[in-house]
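Look for subunit A in each of the two complexes below; its partner is subunit B in the first and subunit C in the second.
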Partner chain A sequence: MARSVWKGPFVDGYLLNKADASRASGRNEVIKIWSRRSTILPQFVGLTFGVYNGHKFLPVQVSENMVGHKFGEFSPTRTFTGHSSDKKAKRG
Partner chain B sequence: MARIAGVNIPTNKRVTIGLRYIYGIGPTKAEQICQQLEIPAERRVNELSDDEILKIRELIDSEYRVEGDLRREVAMNIKRLMDLGCYRGLRHRRGLPVRGQRTHTNARTRKGKAVAIAGKKKATR
Partner chain C sequence: MGVVGRPHGVRGLVRVHSYAAVPEDLTAYGTLTDDRGQAWTLRWRGDGIAELRDAAGQAVASREAAQALVNRRLYIPRASLPEPDQDEFYFADLIGLPVHEQGGGVLGRVLVVHDYGAGVSLEIGGEGRAPLILAFTQACFPVIDIAAGRIEAVLPDEVEVQGDLSAEGEHASSAVGGAS
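Moving on, here comes the complex of A and B:
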């Protein structure tokens, strides 16, 4: 079920501070965050976040289209490269 | 025969049923259209007057997104997800279920027909 509108989008508060600080400093640094559950807000557009996937911080350049999605959607936590071709198949 | 919204030619079925042959019109919208134009539910498509057909056509053109337009919209939405690089987009790219269903078994609609694993022996007794 979708989240109630009256609550507004969910964002971990410290992200706002981090984003503001990064904007103020002017340098285009990767902002490391763990909060994959936070919604991407319009004021994050243009910034680069390093979203933790349990292993690494994957850089996510926030564009306008991403607003409304969650950070976690852009940082996959599983790796699956496909099944290797079976050795037995070649023999038989 | 009646042509409504492009290529669709519903047959001598009831109007509420015939309209569903149009992509983007299901039970609810077919019902709505009939109620709005005050067409009785028992009326069949070949019993409609030209005037009524015209009215249906105009209503669908103005109120509903249907056929090509709708298909394009759906395709655009999927394309947006794929270009964005978000999880749902990746699933679309891979041709796997998008909404968190299991893929250990099943998911055959998305994955297509089962492909035998080469060299895997069948269990024999």
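Moving on, here comes the complex of A and C:
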């Protein structure tokens, strides 16, 4: 069941503070977080989070398209073994 | 690029599991070579069903002949792949390359390339080293020279943010004006 609109998106408060501080510093840094349940907010766009998947911190580069999703959606907890042979990676 | 699956019907057709980004593109790379060195030309005859012809142009004629090909892996020469655009790299080219820290020592080799929809990241590790996962960005990887087999990395600062996950989270409705 969807979350009621009047409540607004859920996010752990300390992430907001940390994101603001990271944006102000302008450094190349990864914010390691355990809060997979938090919603990605517009304030996080452009930052890189390391989202814990129970095993390691997977880098999540937040883009506009990801706003409204949860951090956990981008850090799978199961082993993935199937990339295509001719798949290309674009350097961000 | 793919692997031959079970026979389909009695006329020598086989299922082919394509590992290409677009499965149908398997035919675009020309002649395929299997793990025994035999050359094959592939033509799709249905959804995942293909006809294989050998180097002499002879099609696999019977179900028994097709059964003998099950689990053969199909390869293409690396040179058959089109050149990637600037700042694009094939996963296969990156995996195994040594990674050097800029102004420092060797960090290890690229073990895995992760891509789960939030940007590509490289997992780097080596003997006796804990794996390191870095976002595949210009800031973290300023130098990538596939021809020379060298990647230079700049380690980002890591900031740990811990909170009490059992506590009630904040509602950011005031910050973003509510969910849409």
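The rule we apply is simple: the second predicted complex is superposed on the first by the 79 of 92 C-alpha atoms of A that agree within 3 Å, B and C clash if a C-alpha of one lies under 4 Å from a C-alpha of the other, contacts with A are read in each partner's own complex, and residues count from 1 in each chain.
One rule holds for everything that comes next: a residue touches a chain if its C-beta (ideal position, glycine included) is under 8 Å from a C-beta of that chain, and two chains touch if they have at least 3 such contacts.
Keep in mind that this is a model prediction, so the values were computed, not measured.
Once the two complexes are laid over each other on the shared chain, residue contacts for A:P76 go to subunit B and to subunit C alike. By the touch criterion defined above, A:K56 reaches subunit C but does not reach subunit B. In the superposed model, A:K18 lies in contact with subunit C only, and not with subunit B. Taking subunit B and subunit C in turn and counting the residues of subunit A each one touches, the greater count comes from C.
In the superposed model, A:M66 makes contact with both subunit B and subunit C.
Comparing the two interfaces of subunit A, the one with subunit B and the one with subunit C have residues 63, 66, 73-74, 76, 83, 85-89, 91-92 in common.
Remark: subunit B residues 80, 83-88, 90, 117-120 touch subunit A in the complex. Across the interface of their complex, subunit B is touched by residues 63, 65-66, 69, 72-74, 76, 83, 85-89, 91-92 of subunit A. For subunit A in complex with subunit C, the touching residues are 3, 5-16, 18, 22, 27-35, 37-39, 41-43, 48, 50, 56-63, 66, 68, 73-76, 80, 82-92. For subunit C in complex with subunit A, the touching residues are 1, 19-21, 25, 81, 84-85, 87-92, 94, 113-121, 131, 133-141, 144, 154, 156-163, 165, 169-176, 178-180.
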